[in-house]
Amino acid sequence: FQELVQNISEKCFLKCITKPGSSLTSSEQTCLAKCMDRYLDAMGIVSKTLIERSS
Amino acid sequence: NQKAAIQAAISKLTETCWDKCVGKPGSKLDRAESECIANCAERFLDSSSFIMQRLMKKQ
Amino acid sequence: NQKAAIQAAISKLTETCWDKCVGKPGSKLDRAESECIANCAERFLDSSSFIMQRLMKKQ
Amino acid sequence: FQELVQNISEKCFLKCITKPGSSLTSSEQTCLAKCMDRYLDAMGIVSKTLIERSS
Amino acid sequence: FQELVQNISEKCFLKCITKPGSSLTSSEQTCLAKCMDRYLDAMGIVSKTLIERSS
Amino acid sequence: NQKAAIQAAISKLTETCWDKCVGKPGSKLDRAESECIANCAERFLDSSSFIMQRLMKKQ
């Protein structure tokens, strides 16, 4: 779980916070939320692919 | 153990295919992105097994 | 232990914020670079805790 | 050995499979094969350099 | 300490030695020295931030 | 042990110098690529020892 938080934080920070300011703006939070959901979607596709191949 | 190895592989592959396939995160993955991720995962596994077989022949 | 965890976090965050904020190294960090690094570290921590809370709600 | 396969796979996947399709094409396989051979060449040069320096 | 040397070496090698030649030039050494000092400055800012937040 | 440390160093240095020196993989490394890799490995080691000595003076 910690590693997942770490990976999503790194990938989504790079995509969503291009110029870090004095607080997280609401548009940055929206971007982080979408980015996290899309990352989980991507991970779901990868897991499905790996499991199908290994069976 | 095997479960940890699979989770590590999922984690690494997701990072690789995320970088290759996903642009600005939208309200869902569009079709091109989803296909790219699935193909990326498949082709990465193909590439790894191609490399592994070729390396084993060399030794 | 906790001390090692904090040192690992400092190490990782420094790498991330260095890449984001520092250009050609000069004779000191200019004001924009220093501010960028401090904000980068703060916003990274905000982002991580935002992600963690949102992930915990999903489970 | 596992780590070598992992490193070569990552580096060569990035160089050779720019748009992953529904199968590995023959030109992608040719690129992977060359890329692996060049990676081993590079590793040979690096090893030689390290060994000369440490002796 | 080893990890710090490793991180600074990687980051500063990438910034300062763009075309590796037959020896380290004096301008490359100057760049490495500045880069290392700035990296330690950056680490100081990050440490201060982390410690303020965790207290 | 020392052997594992040397193998880890070879592995890491190969990655760094590969990224810096090699373009599209051809049927062999051309002369510029080979020279770049050898110089990259030498200069990386020089840089590391320069950094290490300078860090030790600071402490």
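A, B, C, D, E and F are the chain letters, set down in written order, and residue numbers restart from 1 in every chain.
What we mean here is this: a contact is a pair of C-beta atoms (placed from the backbone, for glycine too) under 8 Å apart; a residue touches a chain by one contact, two chains touch by 3 or more.
These numbers come from a predicted model, not from an experiment.
**Q** According to the touch definition, list the chains common to the neighbour sets of subunit D and subunit E.
**A** Touching subunit D as well as subunit E, we find F.
**Q** By that same contact rule, can you tell me which chains touch subunit C and subunit E alike?
**A** Of all the chains present, none is in contact with both subunit C and subunit E.
**Q** How many degrees of rotation carry the C-alpha atoms of subunit A onto those of subunit E, rounded to the nearest 5?
**A** Resulting rotation angle: about 120 degrees.
**Q** Select the chain at the greatest separation from subunit A, using centres from the mean of Cα atoms.
**A** Measuring from the centre of subunit A, the most distant chain centre belongs to F.
**Q** Quick one: subunit C and subunit F, Cα centre-to-centre, how many Å?
**A** Here subunit C and subunit F have centroids separated by 27 Å.
**Q** I'd like to verify one number: the distance from the centre of subunit A to the centre of subunit F, where each centre is the average of its C-alpha atoms, in whole angstrom.
**A** 32
**Q** Between subunit B and subunit D, what is the gap in Å from one C-alpha centre to the other?
**A** Each chain reduced to its C-alpha mean, subunit B and subunit D end up 17 Å apart.
**Q** Listing for subunit B: what residues touch at least two other chains?
**A** 42
**Q** Can you tell me which residues of subunit A touch two or more of the remaining chains?
**A** Each of 4, 12, 16 in subunit A touches at least two other chains.
**Q** Based on which chains touch which, is the overall arrangement a line, ring, star, complete graph, or other?
**A** The chain contacts form a single closed ring, each chain touching exactly two others.
**Q** Output the circular ordering of the chains, read from subunit B in the direction of subunit D.
**A** The ring, traversed starting at subunit B in the subunit D direction, is B, D, F, E, C, A.
**Q** Using the touch rule from the top, collect the residues of subunit F that touch subunit D in their complex.
**A** On the subunit F side, the touching residues are 6, 9-11, 13-15, 17-19, 21-22, 24-29, 34, 37-38, 41-42, 45.
**Q** Report the residues of subunit F in contact with subunit E in the complex, numbered from low to high.
**A** Counting only subunit F, the residues touching subunit E are 16, 20, 36, 39-40, 42-44, 46-48, 50-52, 54-55, 58.
**Q** Give every residue of subunit D touching subunit F within the complex, in rising order.
**A** Its residues touching subunit F are 3-4, 7, 11-12, 15-16, 31, 34-35, 37-39, 41-43, 45-50, 53-54.
**Q** Which residues of subunit A touch subunit C in the complex?
**A** Counting only subunit A, the residues touching subunit C are 1, 4-6, 8-10, 12-13, 16-17, 19-24, 28-29, 32-33, 36, 40.
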